[in-house]
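Letters A, B, C, D and E mark the chains in the order given here, with residues in each chain numbered from 1 onward.
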């Protein structure tokens, strides 16, 4: 188990981590997401003993790793890290992957088998003799992963390991990580800026923001029920509307938004509270303006302001006084004959509006 | 205009580019996508005169750039490149961004204004005095972009410029690129492994595979009508079924798949041709098994084998003899009460099945 | 043990070794090489010669790092012996210093006596330093000591009248050879031991202008390092070496040395010439016991 | 140990008393060696950069030869320069022999190979990505040179310090070319040699300490400069 | 120029004829300087690594002092070693004066600062990410040392070549400590000095060329070794 307790870290004047807390279970895949510069790499580096916290401690299997200097090597050898900027030794790919094993005095024959297998898995068979410095960005990232994996670490730390990989290669790597996690119960701590990757891989996600974990939870929790509007915005909830709870009726809150409209939503918060209402674009149903009113509590009229492709979906921005993003399938867009300027109605259930308290900032 | 004509390149024994051809228009945003190691960076580096083609030529505004050595500097100065592994000069962030301007003898006062503006745009205001070597991965990537942009290049080359950025920062950068492209008519050549980014940004996309552009076209063309099954697989079309055109009836081909089922599809190919049928997961409609038959030509029964989150959507793998991926909204999944093991029917229109000829390999 | 030979310590089967320190000008004549071969054979020993500046050579001696010392600077030898470092000095040979200068002899000192010549050079040098110059060893070597003696003999105070008196007087601070080369380059006068001059004669354009005069006498001696002060020096072999040098046959070798190469002898044997050199007879002929 | 203590005391005394003779030779040492270092650096930077970043046949051999010249004995350099500037030599007309200028020439020749070699070595330490970035940003040849040198500045300063160290500590060429003439071409090393040959060990050590002291001052200056 | 041509001819003759005297002093030169280089390298690698990768107060000052010692005049080193090993010196009992062993000692001391300094410089050229990677992979102290040195090997070999060059070309210490005794402590540089003092310029140049020739051989060996 990796317990991160009140960890803080500053570089010069700049405080990067204020008070980071988390407990990562054995065998868990824990993803750290957060804006660029929020300290993801710093945190991973501290777990890997490459950086020392200014305050707090990191406890691995009961050992305060930064305090027990005598056990440093042992602790490091049970971990392996894949760096965000993978460094290539000025050697062959083979020798690059072999480094960790040679340090552990693994017999050369075994090393060879392991490396051949690893190269196979990462899709770089036959690259043994290549000078690692000449690899492409994605190739080097995979070699760095192989270098970490061959040491069979109990804890695998990965800092944006697929940043330079295309979806197909990424899928391979993710499958690999999932497999070793399942088969060998390896603990994996991964930082990623790929929200989908967090969703696909992680058992739990920690959202690192402003020096703390703003939220730690399952992917569902984080993506569907963000704790505050910053997390909400970061995880891609585009529709965030500020307002105040005006009253409660039948367990449903009426929220007066700052734009005049009223939104009904389910929330335990009491009247008078200032809140943000988060509505995921995919939770919104879109109809042509003439469509009969639905049962959904919330319905707004508007005009399609922009239509853009969004992978398998189409993203519409509907101007209802405030711009609201809506995701629909290409099919329905086509069926409805939508185009920019079309008059539409959007609606969403009271339960689809996620309400979070506004706490300053 | 950048004309890439029969360009080839080998490193030692390894042929990376065989015969690359493309014409990139002035003011166009051209995205290069392709698997890791396919030569995207190499191609960009050749346009930037950092690498010399073994064969073929690259013509920029009528000049064969690798032949006219006298004009090298002039040509380089009309371009700017953002490297995949951005290099930081061992100086402050300010000095890092100023390099290109100082080379062009821009007055220091103007440099200062430009840098302050650029830092503002990339979200790193106040970073002027930071040692660039200590920046986080994403911060450095943005600084490298600023370094390129401040020189006001006519051609902007970007090698996976947002690989290390979170979606929010990515969106900022993309907006920036779109804006300068619109406002100043800058030509942009970008390599990316982010399919959505290709879709969002590019006017046209070139798919680099096996040393050639397998397909060049608008995002819609590339993603909806991939030229062959490799491109199809690469752009994320998960359902690719091999078969043979058995007969044509009423302009619709009956394709006998290698798995026994028959698929109806629209195609100009003639009977007897071996083909792959590509069906995008989002084009497939999913019903509970008891649902009355639809008008769709193709309908198959099966069982839900796996359900996984896919961002705003849910991805199901339905076992219909062959595994078929289907994307549906969380809402419909919920409404239908789906779970792993549920018996379902999938259907798709004949026009939704994209047929490509199988040409060996 | 009294004669704990360091060579023997390193390699017991090796022959005994005598460490001999000497000044460069003597070593460079090749005389010592000529003398050591028969000695090595006769005494089944090895003679290792260290050549250095007079000061350095004496320095090695003061520290007891060598067994035998051969220099030509009586004043400093006396001090050395007085301080108890050296004993059993024997004079083995002598010759004369020469004042050399450009063929054209711009100061016109040819055939003057040394003191007169020096006086004239100084006078003309002060008047026209572009034409008349003097290069001094300037290194407190035996030769330099002699030069100072001549200046004194001519009635000058060396430090006040000569050094820093003008551009004509060049204090080189190097070896004899380098000084000769410098004098040649600058068409200047200088004082040289005859051995070095003869060795350089073909390479430079300087000619002897004054070679006679008592004050030019140059006496070479040998002494051993005092084993009481420096236990461990190879004392017995050192005695053998000194005695070997004063034997008539060795003296004859000294007398003949160089004739073949230079057409004239480089040294006069000490034997029988104690008067000329102004030393005691015992210092020339008395065997060391 | 006595000598060393003597030497230290004497050095201290010479330094605080600003002994005029010592001052004179110290200043000359500094002038000669600093000038030689500056000249050699000025030559080594473009040469080194050209060799490093140009591909030509025999490049490896050339680098090997340059490295071989690290072993150039100072006396040999002295001799070669002597033959060049002696009255009868090709440059004899200039009357350079036994002048500080000639010593500068000799020391420049002496340290040039090591400065070129270490410059190449320093530039090799610069990441290729930095090189690409400089070129890509549209550098002229000169801008490329200055940018890359700037990036390698720590290693280049190390090379400069090595060059200066070799120049100021060498004696073979200085004595042969300068002649160790008092008040004219006597520098610290030739003075140390002279004192040693006179077995003035205390003074030799004192002068050695003076030499190291000025080297310390120069290096501190260089270090502060490079950290600007 | 005549002398140079004479020197070249004589060098050629000396080399092809395998002149036994020249062979002897060449071999001794090689043994002394190579040994000193090896010893200094063996010391410089751990020292340099320790200094580079440990933070301690006064680190910058220490590095500055080490760089200052690049300027150590060879004569001064000779004197200090002399005072150490002279009969009445602290190590006098060992009888090291006028032996090749003592010359090795002196040359080791002479080149140690430059080798430590250039090792530090070489290690500074290694990217921090490489350093982190080595540590992260679970290196022991020794493994860290060998890995980082391996990664910096080109720059370290450059340092070795500099050290060897300085060792084999120095004469001040060799002559004071070795005494330039024929068949015992005469090495190439002391022989060159001797010949120069006898104005045998042709022979001096010839010996200088021989010296450069063996430096070439050594450097080529090192180059080939490092490219393995």
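A few points about this structure:
Simple rule for what comes next: a contact is a pair of C-beta atoms (placed from the backbone, for glycine too) under 8 Å apart; a residue touches a chain by one contact, two chains touch by 3 or more.
This one's a predicted model, so the numbers in the text were calculated from it and none came from an experiment.
Listed by label, the chains that touch chain C and also chain D are E. In this assembly, C is the chain whose CA centroid lies farthest from the centroid of chain B. Remark: chain D and chain E have CA centroids separated by 18 Å (rounded to whole angstrom). Distance between chain centres (mean CA atoms), chain A to chain E: 56 Å. As a whole-number value, the distance joining the C-alpha centres of chain C and chain E reads 35 Å. Remark: chain B and chain C have CA centroids separated by 90 Å (rounded to whole angstrom).
Annotation for chain E: residues touching 2 or more other chains are 127, 176, 196. Annotation for chain C: residues touching 2 or more other chains are 52, 56, 178.
Touching of two or more other chains is recorded for residues 85 of chain A.
Chains touching one another form the pairs A-B, A-E, B-D, C-D, C-E, D-E. Remark: chain E residues 127, 129-130, 132-140, 143, 147, 150-151 touch chain A in the complex.
Those residues of chain B whose C-beta lies close enough to touch chain A in the complex are 11, 33-37, 41, 84-85, 134, 136-139, 142, 159-160, 163-169, 193, 195-196, 199-200, 219-220, 223, 233-234, 236, 280-283, 308-313, 327, 329-331.
Remark: chain B residues 45, 48-50, 73, 76-77, 79-81, 83, 85-87, 89-90, 99-100, 103-104, 147, 151 touch chain D in the complex. For chain C in complex with chain E, the residues that touch the partner chain are 6, 9-10, 19, 21, 24, 28, 48-52, 56, 60, 63-65, 175, 177-178, 181, 199-200, 203, 230, 232. Chain C makes touch with chain D in their complex at residues 52-56, 58-59, 62, 138-141, 163-164, 170-174, 178, 182, 185-186.
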